[in-house]
Each structure stands twice: as structure tokens, then as C-alpha cells.
Amino acid sequence: MAKKFTGIYPALVTPFKGGPLGDEVDHEAFARNIRLLNAFGLAGYLVLGSTGECVSLTDDEAVRLAGIVRETAAPGKLVIAGTGKESTVLTIAFTRRMAEAGADAALVRPPSYFKGKMTREALKRHYRAVADAAPIPVILYNIPQNTGIVIDPDLVVELSYHPNIVGLKESSGSMPYLVEIIRRLPADFSYLVGSGFLILPALLMGACGAILAVANAAPALCVEIERLFRKGNVREAAERQLDLVPLNKMVMETHGISGLKYAMGTAGFEGGLVRLPLLPLDEKAAAEIDALMEALP
Amino acid sequence: MAKKFTGIYPALVTPFKGGPLGDEVDHEAFARNIRLLNAFGLAGYLVLGSTGECVSLTDDEAVRLAGIVRETAAPGKLVIAGTGKESTVLTIAFTRRMAEAGADAALVRPPSYFKGKMTREALKRHYRAVADAAPIPVILYNIPQNTGIVIDPDLVVELSYHPNIVGLKESSGSMPYLVEIIRRLPADFSYLVGSGFLILPALLMGACGAILAVANAAPALCVEIERLFRKGNVREAAERQLDLVPLNKMVMETHGISGLKYAMGTAGFEGGLVRLPLLPLDEKAAAEIDALMEALP
Amino acid sequence: MAKKFTGIYPALVTPFKGGPLGDEVDHEAFARNIRLLNAFGLAGYLVLGSTGECVSLTDDEAVRLAGIVRETAAPGKLVIAGTGKESTVLTIAFTRRMAEAGADAALVRPPSYFKGKMTREALKRHYRAVADAAPIPVILYNIPQNTGIVIDPDLVVELSYHPNIVGLKESSGSMPYLVEIIRRLPADFSYLVGSGFLILPALLMGACGAILAVANAAPALCVEIERLFRKGNVREAAERQLDLVPLNKMVMETHGISGLKYAMGTAGFEGGLVRLPLLPLDEKAAAEIDALMEALP
Amino acid sequence: MAKKFTGIYPALVTPFKGGPLGDEVDHEAFARNIRLLNAFGLAGYLVLGSTGECVSLTDDEAVRLAGIVRETAAPGKLVIAGTGKESTVLTIAFTRRMAEAGADAALVRPPSYFKGKMTREALKRHYRAVADAAPIPVILYNIPQNTGIVIDPDLVVELSYHPNIVGLKESSGSMPYLVEIIRRLPADFSYLVGSGFLILPALLMGACGAILAVANAAPALCVEIERLFRKGNVREAAERQLDLVPLNKMVMETHGISGLKYAMGTAGFEGGLVRLPLLPLDEKAAAEIDALMEALP
């Protein structure tokens, strides 16, 4: 996989059904969303990222979702699957299952439960062992808001020279993080920004693409920001980036995945329920999101 | 289960073998440790707490360990099993499996991956749903150093009145946390301290017992601290508490579970390997622990 | 000053008057409080601690307050004065002024504005230079909730052997912090606990006294806890400690210095106004504090 | 002051001399730096920002420095002075002194010692009272790495409509912070980025200028980034931005103000000593900075 992961990837949500706990995965809604998204010029899909409530699923549920993405994605779309677990042996085993289910690459978040012991050396050994054993390329995943751990920028640079580590999804939304390492990475390593707040700034400073939760609800606008940037129309891209911000804030910070799923509904997709411990959206929040979705260009 | 969880419970380690990744669980070593511990006047065992590297195991591995504890524990020993998962449905299903394997009570850590959304309301609904469905009593588990989440003291008080929530393991080692709630809890609710630094202060202020990692390596001293306290010999208990501190620091903070497993070896137990991403102990650390173990009273 | 700082010291509040900004120090109220407190068996006073809103005052205001304490304190009461500033030269100069004003010892919080650079080495050089130059003994001050910095326990031990560093006020309320260092400190070094939540546990584990905000409003109860402990009546001391907790929480955490000043009023003292940016107390909070003060034994 | 604060402002360092404590301010070096900087197309100067070690100075030292900047700055250069103190009355008094000394605007960091009480309401009242009383316009200052406090973005928007609050220096380097508020600010309000890592991204998304520590050592490169951006040459500006990153990291994060002062020396300026508790640079760090300064375009 020599070529870079350019373009926009939605971090697919997992629609649930069946009551307040979100007991069942709604496979039909999930597949339908992908069929609709196929039309938007996206580069591919991330299945089982944080937005996919990956940690809330059984392994069997997760593998089935990966299979559905593989079958349903239009030809040429890349399928990235979240495969990180809390130990190396679990991560390797799960990465193999996801590869068999059709994933093109594995997004691996750092183990984080033993926070105080996740030194640079521990993470290095973990990622190397996973990358050595994985039948598909590995993408590092920095998402301290969920893991409580920042993957040290210097470690990213060091790991980027491993032959089977091909990219980084950086979801903290830190521009200093990006500019500190972007020139030190191999040419075929993909820096993928994971925050809808800075698609354009990240592309401008050297990111090659974006994996985005908000692209579930506003795929056209996300794709448009990248298109304008590639054309050299940076000022207009900046306006579209700012157009995206209020929705991104609402569905990422204020109301989270519940808000994102609701916003998807207003855009013709089917977000479905969240699985507890995530809470359903209340009516006031729904009205706020309605207003933001209508205001999108 | 009307009676309180008094006494000392070791948070059992899981010995691994089979190479640098810690591929296999060493069931023989695990059972042997329990048989040895049976002689120390402990109240029971916690299997699959944080110290048991619970997050590093498959569910099948975990269930088998619970079964071994049940079979091997001396009569009258209580078996508490860690059953927390990241979603409510997963936690309920796993709690049921652990109950079938013989656990007397379930220790449930809060879901923590979606940190920003683990509001008091979210945790309340999660714990209530788990406690409603669990076939065994539930013990809350506050361990912010690993989860990044503090269970609000007021929420503990509120949940303590649920008929199937019977206790709290408080592992942050915060004395303010304890004194703020201890008088507000029902008489049959068990406050269990989860830090070897403050067994005596916690007992003095109202805790009824302790679940301790360090009790794997120094069970006699832990039991002695409680015994002296129960006898009213508080000054001597304080001396024994201070005797325990250097080892507790070494095996909890400085060198973590690797250090604890090594210390167990010097005390005649078998700690085994850790599972990656935890790292093995180096020689210098081993020498430090040797010295501390020799200095124990 | 060979003898230890045993006993209870209120961290005196600074009463303000003169409008919403708290423009003026109310010297009369300040002196009156001390005259009343002189009757309670306290060991002395801390002037210009955090509770004294030290950072909100001009140096001249601060020096005048120190002078008032010196003049007003009953014979035999020790006067400790907060003298920490953000640079070493400022701290030395201010410590000298406070010594001239009559302070017996200087409580020196760590510089904290350049958080990322306050390494162990930086703090060591700072404290040594201050202690070398100070005409009065120096007490270290660990208060991370305000400074954002934890003074490393090993550094406290190292500095405790400096001939002019005679104590530590530990206000984080961490019992692990205490037990990790208490046996490693020189016999004439005073560990003073700075949290009303753990007077008794701290004394039991080796602290020799306490500097307390809550002692402005409940001096008798604070003194009683220590007295019972000294008599060996630990169980009753624990009950009194728990009696103190709700008020301590209310005036330290929930409502802060505004709450403390109000509580002082209900106890016959004069808290006065706070200085902005601290906000005045609202009526609901006042009613809560009334109830707690009435419930005190 | 209707016009915006466009352009680049160095956050001037304060050179010290006189021994390991940095006892004396080196006024000659300070003035010489400004005379040299006058030639670089900078918009003006910030005196007594964090980089100026403002918290380490006496008020008299600070006022004298402001006077020197006013006298030495070339005609047309704006002089911004840091005037924030820990209480409202102190901040107002100090702002008045700085205005008399010649400052055109006051940069006011939030009070931060009483972290837990610096609610949105407390900060709002503080900033309003300061802005009402200040004889010069006020610029808000968000620098959580030093204060431990984030000024809530919504509060910035609210305060931006106060007639005497004219801008924000945002030094956390957060792009989400910028994009969340930039369209909600009045047209004459100046968003000034305070991080050398993101001059270009910030300008692209709507910032109107930058206040930068690194501009003490690399003024030409900082000015060039803005010039290229204004000309519409965004791609080349991005290259220059990336050229600046290694130096910015070295002098802001790795070695801090000591590193910056040393780098200034290699560029023909005079950084002087730091004042303790900041530590002097070691030789290895000096060699690293030499290499980075030589590599600058």
C-alpha cells in the first residue's frame, strides 16, 4: 500500500435499536448509510472508530460490521477498521479477524487503562509487535480526549519508519502536534487529521486527508473543503471550514455521538440509537441541531 | 448478602507465561498462589481487578480464572470478580458469566472511553441497569488513575441505596472522598479502600475493609494492620502501616504490576510474566524490591 | 527554633470592606478576630496564606496585616506569614519585610507561573536560596489545587535537611504524600497538614499539627480533635473529625473563602467581604452554611 | 483605537544581570534590543508578557521597562503592556501605572491562584471592572499553560462587545478555540495568536496578527510569514511557517525563556540572564540552539 490515504473518510456511526440500552445493532440502517455515502466523493470509510462506539460492541458485532462495510462500499473505497484493544495479544488477534472481514488497514488506538505505565517504550513495543503481526497496514491513533494518553510526537516519527505502519489519525486537533512532525515523516506516511475543526489548516500544513465523525452528517461540505484546497482556492476553503464549525462543535463536543446520529437523520441518513452509557438526545438539543443543519451551505 | 465485606482481599495478579507478549495465562501458578494465600487470614479474593490485568484478557480467559478462584479458595472466602466493560449490555452479559463461574459479587468499574460524556446521569443509568440485571451484588469501583473518571461522591451515596449495590472499592486513595460520604451510606454498605497507603486511616474513619494489590506479596502485614486496628491498638497499627508504605509505593507506583509480580516471587508466590503493553522488570528494580521485601517486619 | 510546630493554626482570613471590589482591608475586624481566637487554645496564626487572599493584596497591605497579628496575638502564639512570590529575589525581599513585621516563620509556596519549568532542580535552587537568605525559618507549602504544582515528595525530604527549612504545610490533603515521607524527615521537621478533612488521620500517621482555614469558623472543634488524639482517645477524635467534614467541605470546596467568611459571622467573628475576583456568597449558600454551623457539636 | 492590532509583535524578554538569581534588570540590553528590532517591520511590542518574566519583577521594575519601550520604540509602533494581577483592585492600579508609563493597550491575564473559583461569572466581573476603569484598551489573555485556566470561548465573545475590550491574545495554540469564536467577534476586535506554531493557520482562519516570543530571536521570519500570507502566497507562507517550527519548539517548550535568550544572542540581540526560579541554559542545549539558528532561512 504505497499510496497515501488522501481524501475524506467518515468515521461511521453504529446505529443501534431495541430499547434504552441499545441492545441490537441495526445492520440495515448501517448498510443503507454506506450506500448513500457512496455517492459523495469520499475516499473510503472508517468502521469501528470511537464514533462507531467500538468499545461498546462485542467482537462478533464488530467483525460483522466490518464485513458489511466491505460488501457495501463502492468499488475503490478504502476500508479502515479500528482494531485497538488493551493488550498486544488481543489487538493482534482482533486485527487478524478484521483483516479477514475485509479491512484494508487497521486503526490502532494505544492501550490506555494502565495510564501511568504507557511510557514511550511500552507503546513502542506494543505498536511494533502489532505491526509485525498484522496482515494489513497499521495506522496509529492519537485521541487523548478518550484515552487520556498522548502518543509522543517523537514516537510517531520513530514508528513511521516501520514498514507496516503507514499513517496516523490525529484526533486531538492540535496544530502544534502536526507541524512538529510533518516534515520528519516518510513521504509515503499519511497524516490524517481527525478533527472537523481544522480540516483546512491541517491540509495546508501537510496532512493528506481527514477521518471525520461530522462527515456522517455533512459529507458534501467536508469533501468540498478538501476539493477547494486541492484547487488552490484556499480563501473559499476557509469560509467553508468556518461554515462547518458550529455543527462540528455541536455533534462532537456539546452533544457527542447522540447529536451526530440525530443530525444524520435530518440529512437523510439513519443514525439510530446510541448504546448506554451514552445517553439519548433531549428535545432542546434536537432543535438546536435542526437549526444548524438547516444553516449549512 | 446482608453482611459487610470486612477484612482484607488481595487483588489477585494474573501470572502469564510464553514469551515477551505474555501469550498464555499460567493457571497452575495462579491456583498455587491462592492455595498459599488461603493460610493468611484473608477475607477472600478479588479476581480480575486492575491488578489482575483484566483489560488484557479475553473473556474466556477471565471466566476460567474466576472458576479457578472459586474452586481453589478455602471455604468461607468471598470471591469478588471484576466485570466492568465499556457498555452496559457488555457489562451485564459479562457479569452473568462471572456469576455462573462462581463469583459472589461483581466489582464494576465505570465505562470511561467516552470520558466527556460520563456525566453523573450517564453513570447512574449505567450502574442501575447493571445492578438491576446482575444475579450477584454489585460493588462500585472508583479508580481515576486508570479510568480518568472520578465517580462523584454524591452519586455513590445515591447508588448506595440501590438494593443490589452493596459496596464501593475506592482506589484513588483519597481520604477526603471517604470522610465526605462515610456517614451518608447505609449501614450495610461496604466502603472498601483500594490503596495500601491508607489501610489504617481508612479503617479508622469508617472503611470496613480493603482490597489490595500489595496483599499478593505481603498478605501477613496487611492482615496484621487490620487485626491491630480491630483490637484497638491503633498506635502499633500505624507503625505497621508505615512499614508497608515503601513496598506499596514500589509495587504500585514505581514499578507497577511487574514489580508486584517480582515481589511475590521473593515471598514464595509465583507472579509470572506481565502481558504487553506492560513491560518486564529490569535488574535494578529487582534489586530494590529484594531490599524492601527483606526489610518487611 | 528547635521545637516543632505542634497544634492548630488558623489560616487567617483577611476581611475587606468598601464595595464590590473589596477595596479596603478592614483592620479592625481583622484584629478583633485575633483577639477572639486568642481564647481557643490555638498554637498560633498563619497570616497571608491562601485563605488570607495573599495574592490579592499589595505588599504594604500584607506587611501591615503581619504587624497586626504580631501585636494582637496572645503571648506565646507563633506567627507564621505567607511570603512566597513568583521569583526568588521577590520572595527573599518580601520574607525580610515580613520578618521585620514580626513573623516567626515564613510559609513559602512554590513559584508556579512557569509551570512547565518548575522542575525539581528549579524548585530546589529557589527554596535553598530563599532559606539561605531568610532571617526566619522557612516552611514549604504544597498546595497544587492553587499552584498547579506538586512539590515532589523526595524534594521535600531533601530540603528538610536544610538548617533553615523547618516544616511543610501540605494542603493537597493527600495521605499517600504524608506516609511516603514522614519517616524520612528529620525529627525536628514539622509536617503540618493543611486540610480540615484529615486532621486526625494526619496526626495519627505522624503529622505534628495543622494549619486550617476552617479553624477561623470552628476553632474549638479543630482544637478538640487534636486534644482527643493527644489523650489517646482516637475513636472519639474520629467522630469529631467526621463532625467537622460537612462544614469543611462547604467552606473549602463548595463556597470557598466567601463561605468561610460567612460562617465566621455566624460564629461571632467578622469575616468581612472578599476581594474580587472572588465572588460574594448568595443567599441560598448562606442558608446552607447556617444549617451546618448550627449542627456543629 | 478603532483599528485592529494587525501584524507581528514580539513578546519582549527582560534581560537580567548580576548573578545566579538574576538580581538586576539590564536596561541597556533591553533598550538595545528594541532599537535593533525597530528595523524589522514589526507592528509594535509587548512588554511584560509571560516571556518578559513579568511575574518575577517588582512593579517599579516593570513600570520602568514600559517607559523604556515607549521611549525607544520607533514612531508608529504600538506598545502593549502586560498588566494582569491576581485581584481586580491590583490589576486596575497597575494598569493605570502602565498607561502613565506610555502603554497603548493592556494585556490582562486572568487571575488564577483561586483556580477552583475562577468561574465564568468571576472572570466576567473581573474583566469588566478592569476594562471600565482602565485608561487604555484591554486585551484578554488566554494562556492556560501558565495560568491553569482556560477563558471560556463564549465568555471571550461576550466580553468582546465591551467598548474597552479590544482583543484577545490566545497563547494555548488551539485552532478549535479560534474557529469556534472568530465569526462571532465584532469586526474591530483583534484576535492575536500567541503561538509561533500556528501563525499562518491562525491568519488564514481569521486572526489579525500575532504576539510571539520567538519573534525576539527570529523577527524577520515571523514578519515574512505574515507578508507572504497578505500577498496571497499561502503555500510559500506554509513553508516558512514550517521553517520556524523547530526553533519555536526549542525556545518555547524544550528550553523555554533561557533558550530564547540564548537564541537571541546568536542573532545579534542580548537576551541576558533569566531570573531564578528559571534556570540557566546548559551547554548541550546551547549547541542545539546554535544549530537551529544556523538552519533558519
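For reference, chains read A, B, C and D in written order, and residue numbers begin at 1 within each chain.
The criterion applied here is as follows: a residue touches a chain if its C-beta (ideal position, glycine included) is under 8 Å from a C-beta of that chain, and two chains touch if they have at least 3 such contacts.
In this text, all values refer to a predicted model and were calculated from it rather than measured experimentally.
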When each step joins two chains that touch, the fewest steps from chain A to chain C total 2
What's the minimum number of touch steps needed to get from chain B to chain C? 1
Among the chains here, which has the CA centroid at the largest distance from chain D's centroid? B
Tell me which has more C-beta contacts between its two chains, A-D or A-B. A-B
When centres are defined as mean Cα positions, the distance from chain B to chain D in whole Å is 49
Could you put a whole-Å number on the gap between the CA centroids of chain A and chain B? 35
Touching pairs here come out as A-B, A-D, B-C, C-D
How about chain B: which of its residues touch chain A in the complex? 20-23, 50, 53, 55-58, 86-90, 110-111, 113-119, 121-123, 125-126, 129, 145-148, 253, 256-257, 275-279
Note: in the complex, chain C contacts chain B through residues 173-176, 179-180, 182-183, 195, 197-198, 200-201, 204-206, 234, 238, 241-242, 245, 249
